[in-house]
């Protein structure tokens, strides 16, 4: 277990994919593991302490230790690891999806903060991808470069209050051209990052052509500066009791917000195209971070149940009830989940996200639910402390629970995978028909009359 | 569905127990249902609004609307319903456990606040039972009467930091006699109510005789005034980000706290006896409130999935995926759980808590986990909103999740029920032996030689 | 635990329903418990031994010991217990559904054979109900009386090969009037009892009016003598590897079978009405027998894991892994399932099957699946022996597994219960609207502006 | 999906391991896929038909079509694929465990018969491994060569009646030297293949030195000719009603059986060593066959629910209830299970079975249970037909169910994996201590006093 990646992930998985890593990939991974253990994890408590409890001040805070970590990370070349050179030749790093997937698992052990320290945190990642792929040179200069540099942050403004926006066609925010300007009116919520003082832009999705007979051409995406008049951050939404300040997930009203025409991304009516391009690999990254979180939770559970100061009735906790079985089950679930995601990542590397929809869908509905379950068992092992601010478990659970809804609720992915399986029916019918024919011939030749 | 109880619970359950209700029980239940719907539920949002967000002020607040509800409830005779006259002739109300169990389910639909409004909220309930059963006349006069009147609140101080106090023998707080005084030193946490400005006493469990060879005679319980010098409320513990102010679940240090000898409850070395008497019916009440919460969550889920403004892809939410199956499953789980608890309550009415340990144990490990599952499905139906402060679901989940740990984690109850089943082994062996004998005779008579 | 019913079922359930038993009901139950233990169970092995292994002879066998048991049972008044006098005043016994439900659980401990011994085995039970309710005096004289006397047996012929007859409208068997005769042509399978030499009649469901615009008036039911020309029993269907000889579940072709007009039951086009009346309480009885089977399996499991000759690695089996937890979980599932069925039975007693559809549906999808799970755990405890002919467990499992399909597969009942829950939506919406109004008033009065 | 392996397994898995296949491996796999589809599957019904129903004759049968398939397979080079040249240079084929694992999945689609057709069926496989590794030249000449040629079959005789032999130390069969002979006395059951007329030898495990203080040196393994005097095959054991004739799983008594000294395998007291070497990769092969079976079951399920002749209530079966979700879930479980087994196989290739115990253990407790679940869903989709002899599903289930017990019950593997995880505790404690130190330093440097 001397290998640092194996120690944090698994030898058996590593065997299966080691030969998919370039020397650069291996070196970067090793640096990331060291950075996580030596720098990020030791800073977690300090970061929490640097966020004031005051309900106003906590939203005006730039957490100093995170900014320090960012400087260190960038120096080490641990920066924008999510952006694959294969797809983004100009700004990307030479890492495949499989390679980054393993790194995302490592980052998942450090929570939000770890991803932020290496400039790989959502929603900035997806927004950078959008701007790198679809942004005009001016848009890239003004917004993409500072994002890539970690100087500013951003929001993606899609989800709306009062409608079920998991069907994106339900979106009601209006985006209208008026002369040289675009006017935006809408009521959004769950806008991650909108509370952060460093957030300088919102990518806003809305309806620019609601009468278009093609329901997938009605939408456009516009860049809205966070400080534009009419952008009203109403309140932070809480997840369980967490507000996730200073980043937050905010309710935002766009009240007659006006931006120049040049803030339109890609073109009128191309909003759907943009959000679809934005979602593929991001889902895998969420999944891998979830696996990192689940692994960390299992490690915590093992530590607790083997702790001699925690004996009850003269036995270690692991000697009670189903603890060992729970640990074995958790280990098995983590291993199989990791393999699912790695195989999906490899599929993306081979066939792009479009050619990996089944694999992505499976990972999306299996992994966050699995991780919630593992964390839940760990919480149980810790007793009430496991639910409290003294362990990361409860906040982990809350974050993982949101992933069963973000980027499409479980049910959507389950349905999509099931439907995709049903498409195999004609091929199966053909194979069955051939088999029956052969079978009949075999029986006839043997002189047996099937009664069927 | 005209019957108000049937509307909120279930006709089939009601049929099974209606004849166990006295006229007084029925009348009280009807009043309670009306009070919940007309007074308590409409006040929930106001109560939340009356708790300041400021991290200091929120702990100094007496929520006005709850105090108003208490006045109304008492006038209506909806007061101290948990305290059964059968066991507490002086102070109790003429309600059986079965009767109160149904009322606890009704209260469970209104959260903490509902129980508080009728002076039935933990930990006061258990503390009143302790004082009514074991308190001296002076103790009763000074502490029990104001508690029964809802004028003050109280804490039960047992769980300790740094040890696994689910094995109560691990408790380390020291309780020593020094002359006419008792000196208490200890480090507790998860002390519910300790944050509340109305809390005037802590019942503190600690070790008074740590060398006693009988490990169940080492403990004593002492009344500690909340404002005694040396009582230090360190901080509120959070549960999934909720601090539950102003009540709270606090970390408390007792630093050389001195109280008069007369504050000892029942006698030296009788702490274990006290906590055991305290736990039986209370577990059932938690379970029934959980069922009320789960029922309310299922109602919310049904409302959401049938809401025409929430259609996606031109279908109601209930037309998608496994929603209908999830609802059916939730209904079945709620029904069977309610029946389990009611049968346990009846068992207590017949044979006291001691004669109902198996039934209580089953309810304890089945019901809170079931309720967590139902609420989780409802959250999923609500999307991100279901995890937020705009619905009660996430805070419900957090409270229910604690019940899988409070009064003994699931595993303890599972183990206890399993062990109790194993005790049937000798009787089963005897029955099996008799059967084999008869079987052999039957075979022999028929001239058949068994090869076994 | 001296009480014989409590010993075999559960004290807590018994408490809840004891007062629903008449003195006759209690006396009959006590006799049944004794008969099961003293007569039925000791005869099970002999009955198996009396069925020849020869693939032809085993279908020509009347098992002697069962016939002997029937004589004894009838003498004891343990006869036709399923037929409630309340619904069948002429032929019925004075037992309610709740009373018979408990007896069905007791019978479930003895497998098919126990029910047969007291003339309470399917499909005869449902057929007797049909003939008692809908049969003409001549039909009753000729077929019902010998069935009630246990002199003959019968089949119910509905399920068809090549179509999904869980939608009864898919049935294709043709029933045509030709002069004074009815001509039947069809291809059925899974016709229970059709292999039994004692079976003298089939109640055949088919289409008599396939063009009727009312799809529920196209069907009729006809009595077909088992020995009528054209009745061809093709082969026994196997369940897993069991053929359940001599009773069997057979494939049957009706090839131009002719019966007199007087063999029509109830009237032309009333087939649907007949099968619907036939299904209600029968489902509950299946469920209660399943609970008896699960209870017996759990008893077997407890016996095994406490057996000192079965120790491994110097420990009792119960000291390994999750055995105790599995036992506790099984106990909890059995208890809650029993309560569900008893509450459904009581609902039927109060409101007929029509008024208990939700309760019946819940029991139907919960109980057989639960029983399969409990038996599966018991099999695991027995190792390979648990899957073999040396224990009843594997054949129990096979029978219970069929109940997840018989009388409608699980999915149908889940869907039906879910849909029934959705019907509460308007009432919930109304209650929610009232609550919002009150809530708004309360907030306004307090001067709080809700931001919603 | 033109690739034949991808069509039967999965593109994403294939991507992950394709580069672990040699050209020979790929070619062999392609031939095997074709042989399965063109020859094996069409012969399944005929093979069943060639086994007589008569309870005596069915045990005297050599199924002609299987012998024909064996000839064809051998000609194609599809022979003894399980025996890896890497471990068995003399007799093995140049295939790794990963390569054979994929082939075992393919074979799993054809049941027992497919493995037999390519001379890869248990228990012969394990016995050939034992003889190849530990057999004397004479033993190899007499028994191994004909086994490798598929001319004879064999049994492995370990499990005993009346004791729990999952703890092999409980074995009671006595193996004693008397002069130049070895005398064997014992009572075994579940001896696979003992019913087969082609079986010529039993490898019998017993106690040769029961007083040895080393409990793992008390056992020896001896070759017993199937026709030696005193070898009494008592009866076939049934699994869910199936006797699996002619192979069978039989009860066998060794009654003073005498064999020459030269029939001792490896040496006195080395029985444990032999069975341990026998078990590793075999478990993986069982798992992969299970995945093939589960995949075939899922294909059958998809065929049924998309079959237009199976509509109910005017809808395809897949439009009802949770069918699509069940399919999606099954697909996900099959994918993740396959990846688990492949990663275990690769681990074996890299570090031998000893270095892959965790991975083997995980696969062993996850995969058969998973496959039972998938088959169970498929059975449900087929209605009663799914439980019958007209579909392979029920017999598949029975076989898969035995795998949750064979080679150690689930609980043993769960426990072993859990214990293995617990061994990580010291490393985790060390890492945690380092983290705390760094954390403290970070907080101190920032001037924050942690309250912990």
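Read from first to last, the chains carry the letters A, B, C and D; within each, the first residue is number 1.
Rule of thumb we're sticking to: a residue touches a chain if its C-beta (ideal position, glycine included) is under 8 Å from a C-beta of that chain, and two chains touch if they have at least 3 such contacts.
These figures come from a predicted structure and were not determined experimentally.
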>> Following contacts chain by chain, what is the lowest number of steps it takes to reach chain C starting at chain A?
In response: 1
> Counting C-beta pairs in contact, does B-D beat A-D or the other way around?
Replying inline: A-D
>> Counting only Cα atoms for the centres, state how far chain A is from chain D in Å.
In response: 39
> In whole angstrom, what separates the CA-based centres of chain A and chain B?
Replying inline: 38
> Taking each chain's centre as the mean position of its Cα atoms, how many Å separate chain B from chain D?
Replying inline: 49
>> Two or more other chains touching the same residue: where does that happen in chain A?
In response: 321-325, 390, 411, 414-415
>> Going by the contact rule set out above, which residues of chain C touch chain D in the complex?
In response: 53-55, 159, 162-164, 166-167, 169-170, 189-190, 237-243, 249, 309-313, 317, 320-323, 379-380, 383-384, 387-390, 394-395, 397-398, 401-402, 404-406, 409-412, 414-415
> How about chain A: which of its residues touch chain D in the complex?
Replying inline: 1, 7, 11-13, 15-17, 19, 37-38, 41-46, 49-50, 65, 298-299, 302-303, 305-306, 318, 323-329, 331-332, 335-337, 339-340, 342-344, 346-347, 350, 356, 358-359, 361-362, 365-366, 390, 411, 414-415, 417-419, 421-422, 424-425, 427-429, 431-432, 434-435, 438-439, 441-443, 446, 448, 450, 452
>> Help me check something: in the complex, which residues belonging to chain A touch chain C?
In response: 234-235, 321-322, 324-325, 451
